[in-house]
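Structures for review follow.
Consider the two complexes below, in which chain A is the common component and chain B and chain C are the respective partners.
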Partner chain A sequence: MNYSVRKFDAVIVGAGGAGLRAAIQLSEAGMKTAVLTKVFPTRSHTVAAQGGVAASLGNSEEDHWHWHMYDTVKGSDWLGDQDAIEFMVRNANECVIELEHYGMPFDRLDNGRIYQRPFGGHMSNFGEKPVRRSCAAADRTGHAMLHAMYQRNVKVNTQFFVEWQALDLVRDEAGEVLGVTAMDMETGEIVVFHAKATIFATGGAGRIYYSSTNAFINTGDGVGMAARAGIPLEDMEFWQFHPTGVAGAGVLITEGVRGEGGILRNAQGERFMERYAPNAKDLASRDVVSRAMVTEINEGRGCGPNKDFVLLDVTHLAPETILKRLPGIHEIAIQFAGVDCLKEPIPVVPTCHYQMGGIPTNYLGQVVVPQGDQKSVPVPGFYAAGECACASVHGANRLGTNSLLDLLVFGKSAGETAVKELKTGGRSHKPLPAAAIDKTLARVDRLNNQKDGADVHETRLAMQRTMQKHAGVFRFKDMLAEGVEKILAIDAQVAQTQIKDKSKVFNTARIEALELDNLIEVAKATIVSANARTESRGAHVRDDALDVPETPNGRDDKNWLKHSLWYREGNRLDYKSVQLKPMTVDTIELKKRAY
Partner chain B sequence: MMPTENRTVQFKIYRYDPDRDAKPYMQDISVELDVTDRKLLDAMVRLKVKDDSLSFRRSCREGVCGSDAMNINGKNGLACLTDMSTFPVGKPIVLRPLPGLPVIRDLVVDMTQFFKQYHSIKPYLVNNDPLPEKERLQSPEDREELNGLYECILCACCTTACPSFWWNPDKFVGPAGLLAAYRFIADTRDQATTERLDNLEDPYRLFRCHSIMNCVDVCPKNLNPTKAIGKIKEMMLQRAI
Partner chain C sequence: MNTDRNARIGKLKWHCRRALLELDLVFARFWAREEADFDVQSEAVLTRLLELEDHDLWDLVSNKATTDDAESAAMIKRLQCI
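What follows is the complex of A and B.
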């Protein structure tokens, strides 16, 4: 089979926050780099981030990276790797300042410094009281950040391939990564991007759930590609449900609303978080707040005709504060909830939001896999950063504003590591295996020739409904086991999806079918890993894990203080230990988590 | 008010696949909506289930990514922010691609010219001072100058509604690009005002704007490119004196 090949030093898949940050590093170092993206860079879902990016700048009150580190470890329910966490929080200030230098329009304090607001789980003095750590541009932080980084890339002449969909990872016999296959969406042409370094920054896969704050394009392509190429996926059972998605619509209302003083109320008007988290109240960690909301609803204290949501109330705040600090939320409430939040509370429900797990990486951004008796050996030529990667800094539960930080710090470090390896001549263009493109062509040919297959929309919907029901905010032993069977049955249908439109030019039916191939890998990894983990930890909470002294909150450190690794082949699980040793400071010791 | 029952809605949609169609045509198609389908984009997603060959861009479904700009009943807008309740009952909803740009397929236009103009204004901060160790300072008042400018989502609703852009897409920067130019001019941290004004000192790039205000009328983010253009023109005049 003939196909065209394009050669680059580096190929980056994804132009959201993580991909753009990595690209700056490579372009500034003069590397010949291709950045592939399904959508124009500023349309990536980083654009939707609202609340802010964490850094202990201490602009409003005393703060310290060590406190930030403590909060992140505690937030992760001790599943985060403490070396990567230390690396992230220590690099936070520098990365945020860099953004300011690129031109990002942060809000300002009277003294001209970057404005910071409180956010859930971020505390001063090792968990004492909320601290202002989230650096924000109104409630449009992601937009301001993504545009500033795109603009920086224009300045340093990064080469973009816009509306190119990467389809499969190319690996040789030895397992080295040599690039990707990709389709030009405008023409349908398939090309191999042959690279010495391949960086995945493809974002999350929130679309495996029925109700999600994620964009249509968040289909876990990088994670799916990695899984098909034999890379295990780490900690995929951990999904964050954001407490405040607009009921019915899924659109996010940032936690910054509670940071600015917003309060959650049940049908009786009660500020119920006071009962669940006496200290942090509405600003407790996200998993804690989401579970409290679902408990309120399950116990009959939900609002509305079906008692199926609670209310987010900001009517007691000064209208000026809302319009100045939360203008986007005011718009969203009108557009998607039909309420003017200056006068009425907003109906909200916990909604799937963030994928804590992903492609296993270390703090240098290298993809690491088990090999022989070692559990974390770098895959030559392969790097990942952002939501598709698992460094793992978020462990079992991510703190708000730590994700934008993650993509900055690890986007940069993945880029830096790649540059270093390229410059020291450690990487060359290894010959492409003869079958480089076969896997991809087989997928595309199958779609072109499939008869009597499954409908893409129906199959995706079945997967989303199953995940929502069987692997949601609360998980049940029997439901999980049943969910595994259902998802495996849907997996068999995904292998036989059919599209009516077989045309070449901008065929979005084909794009969606190819995306579903990735979504289903994520769904399988999630439910299989969740079914196996018989404890509760962070966002993964199941009914059969009891809150007794040996296992506080159902957390079983004796048996489960370890990362899951799911392999697509054989639907198999492996485990690796959590890195409890930070880089320079003492280990943050295990404790029962309470807010 | 939200309707309480499912209802059928008629559409007339511009269709064109260069591989199959000698020329574009308008497709009549209807779809039954669910009560939860609130926005035009919800209806279009449902249409696509019925006819999977219908092509359009979409991503965030909340008005921040700028993907789904199109011409809706004769006016540019975002499908995801257009409420179904705003359409007159009983009349088909007419969907066309953004005007003035080449059509790739159906509602998908080629945005090359639009982004070329955006890039032509050097859309990045220029500041040649040595980098301070911390953030550059900016007062809240100076920062406020950027409100109404930095929020642009590059959807192209404005530029493709502008007659001056239709006639001179290669020469006139267009409202989105000029808004971006002013975003940097207005930024107290940027040092390239002179170069930015020089870059626009030309019979076409800036001065083709005749303040027709179509751009302001269609911007889904309620931004005001005409005002920004006015400010640039004012600065030009002032430095001419």
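What follows is the complex of A and C.
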């Protein structure tokens, strides 16, 4: 199989928020920068972000980055690195104002300043009361952000390669990263993008789960590529779930439905939340509701032929209330559940939403790995930002509006660090290692020539159902152990996937098979890390982690205040300590997380 | 000829990979139902619709907005079929 080579100062994989922000930094500095993307930049999943971006601008009331830092550390259940968190919140205001200067149409106050609204978990004065910290552009914040940054990139001559599938990281024997291999979907041509700096900004991998709010493009391509290149994956057991996604589809049913009086029922029609949360009932917190739903399903009280969902009932509400106060829900229920929610309840399940772990980085955006006695040594030439990276600012759970902030701050930081390293002459186009490129060619060749192999769709579905059942929002010791074995068996099938269509031009079957190669790495990392972590922390909640004074909420700081690192080679785990020391302020000391 | 059609449909199908899950699901259903009989005229109409921003396209599919273009409106109806 042939390939050609193109040389750039920097190659960025992914054109969502983090990739576009990193590209601005490089192109503005005069670096010849290529951005590879599977879809047109403004079709990236950042578009789906509605809530806003957090920054302690204090436009409506007093606010301070230190308070934002406290909220983020607490939200992370103390697994977040406090140096990275301080860096993120202290850079928030500057990043938001830069975005405003790029043309982002933020909502405004009467005095012309950026309007800010409150958001869950963001408080003033170290947890005292809610604060208005989220900057938004109506309910299209992510969309407006991508447009502003894409236009800026066009202005500074970033070179976009649209509809290119990145295949593998090119890493030489010394461990340096020299670029990526990629396939042009329009021709099937394979090209090596030879670069002095390689930045991954490929987003999350929510499609490892059967029920996910993530768009189909979120297949963890960068995370999978990093794992294949020997980079460990950090804290992959931590995934944020939303309690009410439409069963079988994943589309979110807003919490506002329960706020307006919607009731969760099991197969017997029982309002089961009365048993789990006698006071708050259906309005209990997300994790309490999710756990109750999974318990009902696991104990055989789920609905449907497979007893694998519960029902969200609004039929007792006046139709005009539903249509007026919950616009969109009626249409979503018809389109994706096939029910008229005015007459029938909506089938729902806890649904995967956000990946907290990823490729390990420091706050400069450099990818860091253990080496000798040190646990965080930068990989020369390799950077990552956004949902595919683990800085780690979200730790065990993420606050709303901190995801857009993450991609702005660390996209910029990764770009800035790469520029510094390029300008100081520390990076050059080292000779390409033939062995690394041969691995990519062999992988594509294997797929093209596989006979009597596994069906891609069926294999992906088996992975998604296994992850949903065995490593979902509420986890059980035996189920996790069994799930590890099942995922390893599915991994063997992924190595033998087969495609019938061998054509080169826009062969979506081939792309989906290549995406599955990445998803399975994320699935393995997730379930192996989750099986090993025998405590509950943030979004990782285990049935067997006891809520006793020594381990409040099941959190075991004595044994588990550490980051997981999963290696593909040998399917093994290592750990590194959490950075509890911030950059300038005192450590935010451990305490039980309660809201 | 058939190869050309496959390539064109492959490209259109890839352009149906969107930023919003809602649209991905609508298009997955649509192609499963319509791919075999999808004609050239429909290709042109769908190509036009795919130029829209995701939120605007979803507004049309979910009846939050309407279009004056009769061909586009007819295609939206086909996308809405369950």
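The definition used in the following text is that the second predicted complex is superposed on the first by the 486 of 595 C-alpha atoms of A that agree within 3 Å, B and C clash if a C-alpha of one lies under 4 Å from a C-alpha of the other, contacts with A are read in each partner's own complex, and residues count from 1 in each chain.
Operating definition for what follows: contacts are C-beta pairs under 8 Å (C-beta built on N, C-alpha and C of every residue); 3 or more make two chains touch, one makes a residue touch a chain.
What you are looking at is a predicted structure, and each value in this text was computed from that prediction instead of being measured.
J.: With the two complexes superposed on chain A, say which partner A:His457 touches: chain B (first), chain C (second), both, or neither.
T.: First partner only, chain B.
J.: After lining up the shared chain so the two structures overlap, which partner does A:Ala249 touch, if you call chain B first and chain C second: first, second, both or neither?
T.: A:Ala249 sits against chain B and chain C alike.
J.: Which holds for A:Ile217: it touches chain B only (first), chain C only (second), both, or neither?
T.: In the superposition, A:Ile217 touches chain B and chain C alike.
J.: Is A:Ser503 touching anything from chain B or chain C once the two structures are fitted on A? First, second, both or neither.
T.: A:Ser503 contacts both chain B and chain C.
J.: Does the superposition put A:Gln151 against chain B (first), chain C (second), both, or neither?
T.: It touches chain B, and chain C stays clear.
J.: A:His143 in the overlay: touching chain B, chain C, both, or neither? Say first, second, both or neither.
T.: both
J.: See if chain A has more residues touched by chain B or by chain C, and give me that chain.
T.: Higher number of touched chain A residues: B.
J.: Between chain B and chain C, whom does A:Ile334 touch in the aligned arrangement: first, second, both, or neither?
T.: Once the two structures are laid over each other on A, A:Ile334 reaches chain C alone.
J.: Which residues would you name on chain A as touching chain B in one complex and chain C in the other?
T.: 39, 42-45, 47-48, 140, 143, 186, 215-217, 249, 251, 328, 331-332, 335-336, 338, 501, 503, 505-508
J.: Show which residues of chain A lie in contact with chain C when the two form their complex.
T.: Residue list for chain A touching chain C: 38-39, 42-48, 140, 143, 163, 185-186, 212-217, 249-251, 327-328, 331-332, 334-336, 338, 501, 503, 505-508, 511.
J.: Give the list of chain A residues in touch with chain B in this complex.
T.: Residues 39-40, 42-45, 47-48, 97, 100-103, 105-114, 137, 140, 143-144, 147-148, 151-152, 154-155, 186, 215-217, 248-249, 251-252, 328, 331-332, 335-336, 338, 456-457, 499-501, 503-509.
J.: Which of the residues in chain C come into contact with chain A in the complex?
T.: 3, 6-7, 10-11, 13-14, 17-22, 24-26, 28, 53-55, 61-64, 80, 82
J.: Touching residues of chain B toward chain A in the complex: what are they?
T.: 2, 17-20, 36, 38, 48-49, 52-53, 55-67, 81, 83, 104-106, 108, 111, 115, 119, 122-125, 127, 131, 133-140, 142-143, 146, 150-151, 153-154, 184, 187, 189-190
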